[in-house]
Each structure stands twice: as structure tokens, then as C-alpha cells.
């Protein structure tokens, strides 16, 4: 029941005709896990937590679609991220800049808040939505980019990942998606506005930041049978140095090898003069009603000059036991290693420069 | 499908009997537009934005009603305003005073949060609701009071409009509405409490503000065929000077003139010793599945003594193309002019004293 | 219609089979009252308010359950408290410590945010939930612990009540509930994590607070016909002194005495070296479609040494008139008295040391 329907007015009055009427869907995910993470070395920390989103990001949403005739449709989508371990949510970012983030814990439709007009020409989408450059990092990692300890380390280490205002989504965006019937080709473009006016300057400077938070990106792909490949690139403008992110992801399902799905991503980014690079390799192996999955990611910061290049690598191993299509129990192990002064650690722990971090997670995910 | 129903428990168990059962409705509007506004003169600004609510205010709500028998009913209404361009909402105001507003962006049931008891006697309504003095400004303007560039300029310029804590709604209110069967007469009264205690003083002074935020207002009207007229007046008490708002709105539908609807409002207000006055004239002309609409508004601040009277006028012209009853595309042009030192500008731009401001907007509105 | 169903997708497509499908429920309560409270003595205050939750706490929630077969089920529950007098909500507390509370007025799923796995073994519940030590205070008081003037004074006076981060609920909790078929015996245990890491110290000190916010509690009871008794005890760890709460509640329904329900609670607590004790006695007497209820509570702070023991007692008397199963009108009178320097007062008023406080409340509660 991924899509629980709220029956339309016309439907309630004449229940037999429900299937044809317009509808609003209430949907969501609650995912909670007990997690233990630890760092290494003097001054490192460890912690027990009840965490959220170890398998799939927790959320509550409302969406619907109206058939306008002639193949046209109007749709809306409102989706709020949830921290169900404590009942709070996630704030949004209103202008794709650091200044647009408010305090933590608000429940907002931070994940998606769009209205769409679609038809044979594709889909035009307005509002807050995922940036094209985000998707490959989420889709070509068996652990995705959720709150779990196994999630894509490129996303957590990167300049253009979790902490970047446009690393996941952009507000004030206009998106266009190709229609689905192009022989396996698919694609999308997005422009999003930072909404600074033409005389805006960085606080305390004379430096114009009128274009700060303006995002432009594109994602194109090809899906054919067991094979899927996607390329994305995008730029967010900042007076202090633009953020550029490019990545390429691919996956292949080996039907003859127990339907083993192999996947990988290469990732490149720069924020002003600082560069970063990474790559990820992973697989999902269905086993009965469950699946085994694993990933290895490696990310390297490449500053200019002869300074060290902090490097982080992570290995994650997981098992998901599906109690039904909607509900699963899961367990994950993760091991993270730093080099050249890097200090990344699994969420909840602190590690020393060049230290390591380990984590264990056991949880339950329920979709509605 | 303005009123999408959430079928009741009894209804799901016996689907054929749905129509008679109680119900909860999930409803809303998502409206997004690309907007460009500009000011005039040295130091003025212009801006591109993705805005919300250009045609109808974006919202998400839950409401329901229970038939208590004997013509009595109990109802509830929870409605949250949405900034769907970035996934956030609007904070409410808890005490009808400046001190009751929290930070921006929270999603709250700021638009309406009421529980009602109704019957042949009318309706008694408790909670946060629209003030009687707000309605004429919204209903007798073809562009309403939403977020669009065409919206009622009296509302944006006025002392008792957008920025006044009771300019749109009041918290802690008790409202009474006449029943609908009074031969065309209708009306409502509201009292709302600022909830200061009897020893409350203005911070930093000895001035008692125990009545601050107390609102009382009344609205009466008469609707007969093509003709509708409504008068409203109200007062909010503040130790620094009461806010008084009065307005009169009227509309007439000329069936023989392509169903042209002509409408207008006169508006008068004072905050302490400062007075303001305004008037608006507008029309809506149905053309096929669309409509053409226009308005002209003029607002003049009238301070005491021989000082200038800042004056702002706005002309707005719009076209709405209805793709269905629920979905429309729309475009709006607006031109605003200041006199006697006024500096009003269309949202997103800044203009010089006595300068002008222009705006263009193209958007989509979807109701569910 | 306590449980309004959102029909499942499968249900809308084949309405006759609705009853068997999975479901999401949208539910809630809106309760509003006009309340007047007053203190006594020089400097005391009185206030008129529109309040919420005088009879039942106002809320909006989403919940659902999935049948996994074999007697197993997965469930979720998201429930937000509402201040419907002004359209805002209640913030949650993310870490069971003072540092985890954010600003007021946010709408969050502060009341409950859980995902559950249940079966013949009972229920395992993860997330934010009520602490076992809370329930007796709510259930063995005819006025409960809501926002009304009659609500349990032990809860408002106590160290482990309304203002304690774990006084009502805990975030990051793991709860286990016994199955319902144990011959009248029932019970639950909860552990919840403060989620400080192992090197965490109290700000400005060297004092480790690594266990702060860790909660453990248990509640066991026995229900047999008209008789119900429940014992609960729990501890929350704080570096500055643990909070311990224990209470015992019991009720008996005298069928032969017009179904009079008598109930009571004894309550004991300590926060570091400071102790508190209290007791409550109350009844509910059904009269036609309504009910009369009353309670008397007495709470005494017991600090160490020869200092005074501030004592507060409250008498509450109420009448509830049920318009239907979902909707009621109600009125409450409350009288509160302080001794030995106590200064408790009914919400909205301030009273002098050893002063009294009186309140009157008339409201409407609607459940959906």
C-alpha cells in the first residue's frame, strides 16, 4: 500500500465509481533503528542512539493528480522528512544559500513541494525538488543517501553533498522532465533561483552576490533491460566560489547470477578552488525474501598546492529481511577509514585525524 | 474535487453506505508562478522569483463535520498556509500582538484553526479565524489578497492590512455567524482576546497593555441575485493607539454584458492618530473557459497636520485560463505608482520615493 | 468516528472489498474553551483566555497498521498536539534533556511518533512515546492531564510532571508491551536514550553527563471487571541528580451505584535530593447523556532539613454533556490553595505565596 488513497468526494457519494475519480494520496515511511557508532584514538567518542531512516528516509506526504483530458495532467506533491525517533522534522532552505536555513526540527515539506503540468511533451515542475545532480548518488548506491550508517559516503564527505544547500534539493526551481516513451532515454533539467535582488551584496562586503543560490543542472540516462546508466552535472553560483558537481552512475542486473545487481558511481566536484573526487561500487543480492547488499566508497579532497589530500573510505554490509512489500527488518555494519588528516566519522561518533569509525545498526522500516 | 473526502471508518467497512457517514476532508491549493518585479530610480532593485499564491493562496487543510441530529452539527477546520516554492509555511500569531509572532517558515494552522457548533441559530466558532474586517478586502477584489502581484494594494499599503496582527485573522476568537436562510441577509460578529493579564504593561514602560490584542468586529451584508453588498467595521485595542478598520464592498453581475462582474471597495482605517483611506474598482469578465480581470486601487495615508499624504495607486490586469475546475494557468501584469513620498513596491523589488514598480507573473494553480 | 479511515489504494479500486485492506487513519481532537482564572492577594493577576484541551488534548494524527500474517503486524503512529486557539502546536524534545527543547509553537509529532512490530509475543515499539510513569497520572484522574483547569495538579506541581523532559514522553525510546490476553494482567517497559556521547560533559563543567536523558521505566497492572490497579516506576538519569517517579493508581466502577467510577492515585518522586509526594481522589458519575466528575489532589514538596514544605491542593468539579459520542460541551470549576509558601496557580493567573487561585471554564470538544 505504498499509495494509500484518500477517496474523492464524488467517490464517497457513489462508492462503486471510485476507481475513475481523482484522488489525493497520503503516504509515508517510518524507519527506526538502534545504532551504535564508535571512533578510534584518544578523544574519540562512541554513542548509542535510536536513529531514523537507516533503510529508507522517514517521511509523511500528500500527493495527487488530476486528469485534464487529452493526455494532460496536473499534479501536486508535498513531502515532509521526519525524525521519527523524536517526533520532529527537517527544516527546508528557502533560498539555496546558507542564509536560507532556519532552526532544526521544524516539520516542513523539505523533501518536495511541487506543482506539475504534464503531457505528451513531458513534465514541467515548479517548487522545491531534488536537484538533477543528487539522484545518481542516491540511486546507484545500495544504501542510498538516507540516515543509515551504510549510506553513500561521497554524500557525507563531499562539498556538494549533505551540507550544501543545493546538495540534495533546490527551492524556487523550475524543472523539465522528458516523457517516458523515448526508447529507454530519460532526462531532466532544472534551473532554480536564489532570489537575491540585483543590488544584493555579501553581508559586510561590497561583493555582489546577486546570483548566489542560482542553480542549473541536467541529468540524462539510458535504461535498457538489465542495464542503466546516467550522467548528471550542475552548478550553483556563489560569490565566494561556484559549486560544481558532476557524476556518472551505472547498474547491471545479472539475471543468471541470482539476479545480482551490480552498481557504481564516479563523482567529481569543486567549490571555488577546492576539488573533490570519489567513486563507489556496490551490489544487491536477493536471497529468498531478503537481500544482501554491500558497498565500498572512497572520497578524496584535492586542494590546490602541495597540501595533504584528506581521504575517506567506507565499507558497508547489510541484510534486509522483507516481512512484506511494505515492512522490513534490517541490519547494517559499516567501517570507515581516514587518511591524510581526514576526520570523517559515522554519525554519532567522533574520531581522531586518520582514525577509523565503526557502526552497527538494527532497525525496522514500515511504508504506508 | 475541492473537497476530497477521507472516508469514515463506518464507510470503509460498508462501502455502499459511504454517502451518509461523517467524514474528514483533506483539501488544499498549490499555486506557483514565475515572477519578475522591478522598481524605478537610482537604488531601486529588480528580482526574478518563483513565488507562491499568485492566483489562490497555497494551503493544506483538514476539515470535517458531524451531524448531531435536530439540525445541529459540530465541525472542525485546520488550514495551513504553504510557501510551496520552498516547502515552508507561515507562522501564526498567538496573541494578536507583535509579541505573538514567531520566526518565519514554520508550518502552522495559521489560516484557520476552529471548532464550531451550528444549527438553526447560526454558527458559533472558536479558535483562530479570519476577522470580519478582512473579508471585503479579499472578496471585492478580482485578485484577492493572495501572494500575487495583482493583489489588493489597500491590503499591502494599509495600517490594518497584511502586517497588522489582526489584519487578516485573530487568535483566541469567538465568532458568531447568522444562519444562511435570512432572505439574503448575512452577517458575523467576532470578539478575540489578546490574553494579557490585568497587570500586564508594555515592556519598559508603566503603561498598562492589559487589553492589547483584544479585537471586536462585525460584518453584515445583503445578497440578492446579481447584487451583493457588505459592510464591516472592527477595532483592535493597543495601549499605543487602537487600530480601527471599516470597509464597504459591493459587486454586480451584468448577465446581459457577457456576465461581466463589476466590484469595488471603499476602505478607511486609523492606528492611533494616523489615518488611512483607500478605494478599489475592479471587474471579472468570463471569456470562454477563461476570464479577464482588472483592478485599480488607490490608498492615501492621512497623518495629522500639514505633512504630505503619501499615496499609492496600483493597476493590475490578468488573464486566467481554466484547464479544469481545479486547475488554471494565469498571467498578471501590475503597475504601481507612488506620490508624496510613498515608497511602496511590488514584492521582490524596492523603489525610490515617488517611484514606480512594475511586475509580470505567469503561473499555475492546482486545487485538491 | 474516532478512526476515520483513509481507504487504501486497493480499496478505492474495488470498493466492496474495503474492509479487508490495509488502511491509514487520519484522526484528531479539537477542544476549545473560554477560561477565566484568578489569583489572590496583592500582585495577583486574573485573565480571560480562549484555551485549548479543557476536556481532551487537541491533536491531529495519522496512524495505520499492516497485517503481516501469522498474527504479526506492523504499525505506525504519528500524533501532533495542537494549540487550536491560535493555530500552533507543541515542540518536541529531542534528547530528553533541557537542551533538546526548541522554541514554542512548532507543530511536531510531539505526542507520539512510533513504528511497531507486534504479535503473540506483545508489541515492540520504537520512537517517541509516553513514559510508563506518566500513564497513571492521566488515567486515574477524571480530568486527566490536559490543558483544562481541572487537570491533575500532581502533574503541574511535580518535579517529574509537565515541565520534566520525560514527565510525559521520551524520545529515542524502545518500548515493550505485554500481549492483551494474560488474564487481566498488562504491562510495559521502556528504555529511552539521551544520546549523549561518552565524553559529553555539562556545559561549563567537567562533570560527565553522558547518561543524561537516559530513561528506564516499568508499568504493570491488573484489570478485572470493575476493578483496575496499576503500579509504575521509572528513573531518568541526570548528572545533577536523577529524576525518580513512582505512582500507583486504582479505580472501581460501582455498577449498583449508578455506575459511579471511583479512582485515585498516590504519587512519589525525587529529583536529586528534593522529594515530592502527592495523592488524588476522584470520581465520574454518569447522569443521562452526561457525566459529573470531581477530583481532589494534594501535593507536598519535601526538601531535606527543617525548611518549609510547600503544599498545594486542588479541588475540581466538572460536568460534561455529550452531544454525541464524538462531541461534548463541558464546564469546569477549580479551586487551588497553597500552604507553606507555595505559589502554584491555575494557568493564566498568578497568585501570592500561600494564596489561592480560582478558575471557570466552558468549552466544546470535538473528536474526529
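In this document, chain identifiers A, B and C correspond to the written order of the chains, with residue numbering beginning at 1 in each.
Heads up, the rule we're going with is that contacts are C-beta pairs under 8 Å (C-beta built on N, C-alpha and C of every residue); 3 or more make two chains touch, one makes a residue touch a chain.
Since this is a predicted model, take the numbers as computed values, not measurements.
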{"item": "Chains touching both subunit A and subunit B", "value": "C"}
{"item": "Copy pair subunit B, subunit C: interface residue numbering same or different (half cut)", "value": "different"}
{"item": "Centre-to-centre distance between subunit C and subunit B (centres being mean Cα positions), rounded to whole Å", "value": "37"}
{"item": "Multi-partner residues of subunit B (each touching 2 or more other chains)", "value": "6-7, 11, 15-16, 23, 26, 103, 106-107"}
{"item": "Of subunit B, residues touching subunit C in the complex", "value": "6-16, 21-24, 26, 62, 64, 66, 68-69, 72, 74-76, 78, 91-95, 100, 102-103, 106-115, 117, 126-128, 171-174, 192-193, 195-199"}
{"item": "Contact footprint of subunit C on subunit A as seen in their complex", "value": "1-7, 11, 15-16, 18-19, 23, 25-26, 28, 30-34, 43, 45-50, 60, 82-89, 103-107, 323-324, 326-327, 329, 348-350, 363-366, 368"}
